[in-house]
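Take a look at these structures.
In the two complexes that follow, chain A is the common piece, with chain B as its partner first and chain C second.
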Partner chain A sequence: MDSSATSATLTNRTARAFCLTSAGWMVMATLMGLAGATELIAPDLSHNIGWLVFGRVRPIHVNLVLFGFVTPGLLASAFYFLPRLLQTEIYSERLGLITVWLWNITLLAAVISLASGFSQGREYAELIWPVDLLVVACFGLVCYNLFMTVKRRREPLLYVSVWYVCAAVILTSVTYCIGNVIWQPNSGALVGIPDAIILWFYGHNIFGLLLTPLAIAVAYYVIPTAIRSPLYSHTLSLIGFWSLLVVYTHIGTHHLLQVPVPTWLKVIAIVDSIAMVIPVMVFLINIWYTAKGKLGEIHADIGAKFVFTGTIMYFFVSIQGSIMALPQVQRVTHFNNWVVGHAHIGVLGFAAMIALGGLYFIIPRITGRPLYSRFLADLQYWLVLIGVVGFTVVLTTVGLIQGNAWLNGETVYRVLPEIHLYYVLRASLGFLIFSSAIIGFYNIIRSLLSQSGAKA
Partner chain B sequence: MTLKMTPKAVIIGSLAILATITFLMVYWPYATRDETPSNIFRFRSPEEAAGRDIYIANGCVYCHSQSIRTIDWGHGAERIAQAGDYVGDRPILLGSERTGVDLSQEGGEHPDDWHIAHFVNPRYTRPNSIMPLFAFLGEKNLHTLTRYVQGLGFKEADHRMQRQLYWKQEAIKAYESGPVANVKWLADHVPAGWRQVPNPYPTTEAGLARGHMIYQQFCLGCHGPIGDGMGPAQPYLYPPPLNFTILHGREISGGILYYQIMNGITGTAMPYFKRELESQKIWEVGNYVAVYFINQSDANQEPRGIDSSWEP
Partner chain C sequence: MYYPYFLTYMLAGFIISILVFFWALYNRQFKDQQRARFLPLQGGDQAEPVRVSKMNRIEGYALLGLACLGLLTTAAVLIFALVRGG
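Let's look at the complex of A and B:
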């Protein structure tokens, strides 16, 4: 699928710019996560510094991870592989660079507004209306650039990665507007229970229609390319793509099973959450069968190693997610750190792992040199892996302590001393991930910008 | 498979799926929504609404849910959330995590001065709290925020607030009539049976150590480390926390201490602990206060009936 004739003439300027954006904001995003985790063990840390209180740090962390680190990381790969899969150039690298600049301005505006207490108070949809417009403009520009690239392709057949990227950017442009109730500039919200329904529809679509399809697109590109083998099954690609769009969009209400929303809505959400096994396993079978017998080649390429690990995390987080949608399970897991653990396996273990893998896969191919340091990339791999597995163990344990204690009639306050130690462990693991972000940022800057690469 | 994945098929197909499902999963519940207010609903005053904006700006929703479930035991659990409770909320603030308590029915649980002390430093009133300091909001904003919190629960909150305000006046009157009258007023409100109930827990070293631990986690912020009512919350509270060291020789039985800890003294910053602490913990923190601060204990006196088998 790779044509060296076109590769040589491609500048990859947009892909490079998204690489730097992702690596840079990963540092800030994980620092905010670490700050929040530290405040939970040392609550006086924010000592009356308004922009540092947990309630402001947390949405900055979440928004930066989603829109600053992971999405740009995955888009960097998309801007790299689309021209290669379509046998053409990006429609406009200049427009691509403008998009990246606007993207960074948007992130800066998001950080400043949230830190100053301008928030619409809805999880994943906190950003105020002017920043919402900037986000939509960014996605709109990406859509335009990519669709025009597709239009001017010289390869008639669209590879599965192209489907996923196109669907992700157009559907997110739409669900972002819906979820942020963009026609209500002042509040960005509906009233009462319908607001919760629309919010979680959107909140889940950020994973289901943005991070997941982009990450799957990268995996579908990186794994076959790394092992120089065709994809196992085109039929499975088709089933996986359409079933993901149909099933994932139904399940947002599983966040509201213990809330007075209509029962039929809960039933659909639970049934489709279980049905998520179909798109997940179809994709995983396809990618794992493609890789069958060639794990050595995957292991040899640090980018592919990240990506393949991400697919394993996708398995865990998805099966866990299906189980968590069961009402009997939620009696214990809802409202506590179990869910935070789940979110970290999904976003850090799956989507961010694949985003980082994409970066490490494309950077040597963009520069024509090996990475500045394969060792540092491996170090980052292990720090992230230990961090995310550690998070899973620690936060799941905390969740079980909290959930069972509450069911047993203990108050939230009584349980705080019981979980303190686990919060210390969580912050320590957060420090590992923050360290890995600095290492990765340094490695990526040196790989992309310095003239001399390390000798292989 | 003959489905041809052209750009049009991908983009139009995806958008068609999204439109269909948005109609079914978002628009349909919206179109069929029930906007009937629940029996406790009322609209918020402008000041309460302003307080809600402060709540949103500072991300209180990330740690405090407003969503009481059928399986909940904590405070507010007497009133399970109904859709009609939220018909005035834009945005709705259900929350997704309980790092702190649920606040659906917080209004009137405490008097205003407790909340101010708590916002200035949450550990003043709740030593184990991991909530950040909010003194930076300034006195005016803290009062506005308090109005919002005191309205959570709507009509039920209003009912509880009236009770707080009534008993606050009574408690201030008693406090201002001097220590002797105040202590008598406090003790007289304990039902007779409770005043005379034999204290069943001996003041063993282990029991006092357990009481000490409870005291540090629940009482220290107001009553202070030496029980003189000069904890860090004291400057914010009126009437101020009780000074235990003046109680010697005033016939304060274990039963009186137990009852006051269990039920609290509505109108003052003294909360009830009957949701938080089980029987043994209440007796033993009472014994700790009696032995160390009052220097007078009726623990384990005759008649004791048949000694329980673990008694020393």
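Let's look at the complex of A and C:
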């Protein structure tokens, strides 16, 4: 490697700033989730406190998880490994830092506007137009910085993680504009069914074309590096990449199977949802074969342990997702807590697990010291794992109760008391996850900012 | 009318993907795949020897318990679907 881009000479300032961003907003995002879960138990809790009502708390929680915690966490790893894979420095660390500042201003604007009741009322696309512009600017800056880095690379071959990161940032920049109907500043929406279709293109692609490729990119870097073994097959990884691009982009309509959208669109969505088995299994077979016989090494590295667990969750969420895209199954599972369970396996169990794994993997390498506390990182691992499995069990059960009650024509007010207990369990599990976020925040801050690190 | 937006989006994605794919082909990105497998190992992160550790018994039981919980939920859903399904 050229001496100007060795690990010792890279400053990692952008990666470090994204780590801090992710750690900070992780606490806020999980706190908002806990607030929402508590309000589901006691709906009058926030009565008369406008900025705390469920309708505002939920979008704050969701947007902070997506854009405050998970995406910056994954980007931190990307800004760490891209120079190493491309054997060059980041095009501009200063631009990277400006991006992180703008990113945080955007998140602040998002929280203030949503809490004040300014929302476009479309799921995952609630942010109002000025904030939308800020989000697009952030992604635009990341795109520019990364593409210039790729352009100036000394390693001619692009490793699969580079493909995934570049695809994620460019596709999200475009999808965000289209999904938020950015050319209609007042409403940020089309009208009627066309709006639902375009919204779910976006909503789905936020998971499929932002979180998924970024998380896969991190896994493809962390696992081989942690166990010091080459990737099982790079050809296979590229097949997975291109098939993900072909299949994942058109399946948003599986969120609208109960809606009068054109049948051909539903057919594309269902067929492609089943076809998702191809990119998913290609990735998993590749990463699991890479790790074969090396579980001891993965167990020894807390970052790799988070990431590996995330890949297992990816298996479950994807198989579940393909089944949920079948209309017969959705007759029961749609519009209830089953989907919320799936969402948490995906975003928390898969994407956030890998984001945290990436953070714990890169922080000791950035600082040159062990983590502040391996014990706290392990504790966080267990709290998140118990939380996410608990969510799966509880929310799946509630979902089935709700779905069947609805199919049988039960009225909602008769079902609500039946599921109260489950909501209490769910909030308790949420408390575990919020506690884990505080522990993680403390550990990450101490690891990054203090001068000494405990031996792991 | 959503067709124009939708078709523009799909078409744009398709054209960009094809262009990038041919760029990759032309720039020999699909060649030398054996070397590509080793790229993460060239980053200078390999200074320290790799450590290995074993799962202890409690950890093993806890993981097994969580896995069983998840699998039991899946089994319950399947049984429910078979018994109650129309």
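Structural remarks
Quick note on the criterion: the second predicted complex is superposed on the first by the 450 of 456 C-alpha atoms of A that agree within 3 Å, B and C clash if a C-alpha of one lies under 4 Å from a C-alpha of the other, contacts with A are read in each partner's own complex, and residues count from 1 in each chain.
We take it that contacts are C-beta pairs under 8 Å (C-beta built on N, C-alpha and C of every residue); 3 or more make two chains touch, one makes a residue touch a chain.
Quantities reported herein were computed from a predicted structural model and do not represent experimental measurements.
Upon superposition of the two complexes on chain A, a steric clash is found between chain B and chain C.
Contacts of A:Glu155 after superposition: chain C is touched, whereas chain B is not reached. With both structures placed on the common chain, the touch criterion links A:Leu190 to chain B and to chain C. Of the two partners chain B and chain C, it is B that touches the larger number of chain A residues. By the touch criterion defined above, A:Tyr289 lies against neither chain B nor chain C after alignment on the C-alpha atoms of chain A. In the superposition on chain A, contact is made by A:Ile198 with both chain B and chain C. By the document's definition of touching, of the two partners only chain B reaches A:Gly55; chain C does not. In the superposition on chain A, A:Asp301 contacts chain C only, with no contact to chain B.
Once chain A of one complex is fitted onto chain A of the other, the partner contacts of A:Pro224 are limited to chain C, with no touch recorded for chain B. Within the superposed three-chain model, A:His255 lies in touch with chain B and out of touch with chain C [touch as defined at top]. In the superposition on chain A, no contact is made by A:Trp101 with either chain B or chain C. Once the two complexes are overlaid on chain A, the chain A residues touched by chain B in the first and by chain C in the second are 157-158, 171, 174, 178, 190, 193-195, 197-198, 201, 234-235, 238, 242, 245-246, 249-250. Contact residues of chain B toward chain A in the complex are 1, 3, 5-7, 10-11, 13-15, 17-18, 21-22, 25-26, 29-30, 32-33, 35, 55-63, 65, 67, 69-75, 81-83, 86-102, 122-123, 126, 128-137, 217, 275-276.
Those residues of chain A lying in contact with chain B across their complex are 39-41, 43-44, 46-50, 53-56, 58-59, 117-123, 147, 150-151, 157-158, 162-163, 166-167, 170-171, 174-175, 178, 187-199, 201, 209, 234-235, 238, 242, 245-246, 249-250, 252-253, 255-256, 258-262, 265, 268, 331, 334-337, 339-340, 402, 406-407, 409-414, 416-417. The touching residues of chain C, counted against chain A in their complex, run 1-2, 5-6, 9-10, 12-13, 17, 21, 24, 27-30, 32-47, 50-55, 62, 66, 69-70, 73, 77, 80, 84. Interface residues of chain A facing chain C in the complex, by the touch rule stated above, are 1, 6-8, 81, 84-85, 87, 155-161, 171, 174, 178, 190, 193-195, 197-198, 201, 220-221, 224-235, 238, 242, 245-246, 249-250, 296-297, 299-301, 316, 365, 382, 385-386, 389, 392-393, 396-397, 400, 404.
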